[in-house]
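Across the two complexes that follow, subunit A remains constant while its partner is subunit B and subsequently subunit C.
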Partner chain A sequence: MLFRRIYQFLIVYVLALAGLMAIKYTVGLSDYVIPGLELIRETAGRVASGYFFDVMNTLSVTVLGQLISIIMAFTVGILGRKSSWVGSFIKVMAYNIQAYPIVALAPIIFILLGDGFLSRLLIASMICYFPLLLSVLGIMAAPITDIEHFYIATGRMRWQLEVKIRAFENLSKLTTVIAGSATLAMAGTIVAEFIAADAGIGYSIRIALYQSDLAGILVALFMIGIIISIYQGMLETLGEQMKTKWSAPKGGELL
Partner chain B sequence: MRFECRGLTFTYPGANRPVLENLSFSMAAPGFNAVFGPSGVGKTSFARLVAGNGKQGSGWFTYEGISTILYSYNQERLPGWSSTGSHLDKVCPPGKEGLKQELIRIFDVESLMSSRFSQLSMGQQNRMNLIRYLIQDFDMLILDESLANVDEALRETIILAVKQIFPDRLFLYISHNLTEVARFCRDILILGHGENLVVRGRDYCQGYLPDKEGLDRTMLEIMNAV
Partner chain C sequence: MKMMRKILIATAGITLCLALSISPAFARDTVNYRLKWLFNTSVAGDIMADAGGFFKAAGLDVKVKEGGPEKNAIKELELGYADFGVASADQVIRALDKGADVVVLAQLFQINPMQWIYRSELPEIKRLVDLKGRNIGVTFGGNDETIMNTLLAKAGLTYNDVSISSVRFDFTPFLKKKVEIWPVYRNSQGVILEDKLAKEGESVRFFNPADYGVSFVANSVVTSGEVIKKNPERVKAFMTALMAAWEFSMDPANRDEVLAEIKKRDKNTADHIRERQLGVTRLLIKPNAGVKIGTIDRAAWIQTETIMIKEKQVKGPVHVETRLAGF
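Take a look at the complex of A and B:
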């Protein structure tokens, strides 16, 4: 899973780079517009280690933001799973708020909280929260009738059991959504760093942009891609292990 | 104990015709009773109406001496996160441990206790599901094809054992097996596209002596009523 993610990213990156080179040499663009491979290699040697730590800085905010959004999405998803008015209200709110581009709210957050860690964290968690919430809401609000019937009929159904049944039955969906939300959280953090921050890879890309340093940006994109691939691969592996541990037969024979 | 239904009509939302129309009958004693009829005549709809599973038809039911009604069906699943034995332990009410063990033996599922539900065959799954219903407190249990995919010999053992262990409970057995219904059930409600009526079955119990002629007569009566 992990290696597949990495080589898939490498294929995409190399193809994109090849496309850029094709444009450069077909149209005859200078290194100033699209840098040559030698310039990219040279820039990579110069900035790679600094960018690596910048990406790790961004990733730390991403992981924390994602964690917060997962906790929030599950809390609200569990509360909103019922067909009562509270559940309906939460669902309607979630569907309507997620239609609004959260990035557009970023300037307000920066005005209120200023540059720095909290603003980045808030934007990262908000951007990955809503898609997560909609998935969790959908999963938690859909009854697994053929399992739940017995517990309802015998008066044993508790909210914890209901959540456990629905989460277990949709484990694959949940792990996919959580792994997928990592990219969103990373995007949120980078966007926050683009707008107004003084750290992270987004901040470094902004500086490279002001210097029209496309080679630097390409190196940054490589760093982001490779690290997010590793992170997503790790999340997916973790999800697989969780699924195996939770649902794989323990004892007993296949009959 | 008495279970009576008067003038029951039920139409699915958006349907042109009612699936059940002016259904009236009475079952006045505990034991194994059946609902029989071809596919699509409303057996499951009727069962769910009796159990009150979110459907409401016109007409009314009278339950005398029946307060707890459970409805089991053959596509139910046990959660997959632990073994079937562990799930049975969790839902076994206090004081019913002996009954549970006895049913596990009769239903021939001792060797399946450490297996996950998804590992079992359909027949094994249905037996496991039925055990957890039988160890609950109930006055009336609806078995909607609950013994489907169970081999015939074991099905007979199970039905006869259940009749013996729970002589004071009312069972409503839904099955497509004409012979089985005719042999083991007392009152058989025939649901058809025409008139609905109740036919008296042979109601065989443990140690019964087969009465081929009588059984053939009952089966013929049921077939004529369908």
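Take a look at the complex of A and C:
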């Protein structure tokens, strides 16, 4: 899973680069508009190590932000799973809030939290949180009738059991959504760094943009892509392992 | 393998379409003029060239396009999306360093609007060494960082002697007094901040690098060597009309007419701010009556290039003076 993610990314990156080079040489553009391979190589030699640590810095915020958003999404998802007034209110609120662009809310966040780690973390969590929440809400609000019926009929149904049943029955969906949300958390962190922070790869991209350094941006995109592929691959592997652990052994009973 | 071939064919197809969509832009009758920033008072002459009929009178059909943070006139010149544009000197020098065919036709700002604002209650900066111990805002990667580095080097100071804060679009750290000396565009944000603080009973001073011998050139009108070669008459007509419009806009006698046209495009700025912005812009574009608008300050361009080489923003000399064509 991990290696597949990496080589899939490499194929996409190489194809995109080849496309750019084809346009550059077909139209005859200078290195200022689209940098040549030599300039990209030279820039990579100059900035790669710095950008690597920048991406790792971004990734650390991403992981934390994703963790917070998973906790938030499950909390709200569990609270909003009921078709009661409160549940429906939470759902409507979640749908409405996600319509607001985070970038528009950013100035309020900066004024309240300053432009540093906390702003990055909050924006990363928010961008990652909403798609996660929608999936979790959907899963938690859909009853697994044939299993739940038994516990309801025997009077043994509790909310914890209901959540467990729904999570277990949708384990594949949940692990896919969580792994997928890694890219959103990363994107959120980069956006936050782009507009707020003094560190991370988003901040470095902003500086490169100020200086029209497209070669630097291409190197940064490579670093982001490769590291997020590894992270996502790891999450997927973890998800697979969880599914195997939770699943019933052949011929055995459910754990 | 078949899948790979399909992907390659699709990529080639997309690339070809993109390349074809770029090429035809070279053959057009409408002249596209890409500004560096949004429509506001600092582009008064560009607005008037269009709205005041200067381009029309010269027999030109010019589309004046607003700039912005993601817009780059030099790249658009090369891609054929623009025939003329406004770019800062650092953009021109970087582009030359990377092989772009860019030519400077006129230097709009004789004084760089990129300056620093600070409260009058703070000790006045009379000499560069007065920066020592101050908390200074810089936009990392921006012009102001390069200019401040040069100023500090000139004063014999390093980053250890001052406290540098990273700056973005939000003025809050300056308003909250977390940063003492804040970089602003003198004729736009400078006026707004000055007004804001005046309402709180505070007065401000501006720190202009040019007063300390650092003349880093700002916005200039540029085109490509190809445009000049293909249609020198059009270039001459465009520049004559544009400079006439700038002269008209900077003439205090035409203030009301100019402000009315700016207002149509910059609706969100208060009238009194716009009026003061125009006054400050006039001082930066035409510092005195004897200065012809668009005059290229050759020495300042050479100094700008020297600074950028020292700051390692370009690999080596680009001989920018050979690209200062005038018109």
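Quick note on the criterion: the second predicted complex is superposed on the first by the 248 of 255 C-alpha atoms of A that agree within 3 Å, B and C clash if a C-alpha of one lies under 4 Å from a C-alpha of the other, contacts with A are read in each partner's own complex, and residues count from 1 in each chain.
The rule is short, and it goes like this: contacts are C-beta pairs under 8 Å (C-beta built on N, C-alpha and C of every residue); 3 or more make two chains touch, one makes a residue touch a chain.
It should be emphasised that the depicted structure is a prediction, and the values quoted were computed from it without experimental measurement.
Judged by the touch definition given at the top, the superposed model places A:Phe168 against subunit B, while subunit C stays out of reach. By the touch criterion stated above, A:Leu39 is placed in contact with subunit C alone, subunit B being left untouched. Among subunit B and subunit C, the chain that touches a larger number of residues in subunit A is C.
By the touch criterion stated above, A:Val27 is placed in contact with subunit C alone, subunit B being left untouched.
Of the two partner chains placed by superposition, only subunit C is touched by A:Phe110; subunit B is not. Under the contact criterion defined above, no residue of subunit A touches both subunit B in one complex and subunit C in the other. Those residues of subunit C that touch subunit A in the complex are listed here as 7-8, 11-12, 14-16, 18-19, 22-23, 72, 74-75, 78-79, 91, 94-95, 97-101, 139-142, 166, 168-170, 172, 313.
Residues 11, 15, 18-19, 22-23, 26-27, 29-33, 35, 39, 107, 110-111, 115, 195-196, 198, 203, 206-212 of subunit A are the ones touching subunit C in the complex.
Chain contact summary for the complex, subunit A toward subunit B: residues 146-147, 149-150, 153-154, 156, 164-165, 168, 246-247, 249-255. Of all residues in subunit B, those touching subunit A in their complex are 51, 53, 70-73, 75-83, 91, 112-116, 119-121, 124, 129, 132-133, 136.
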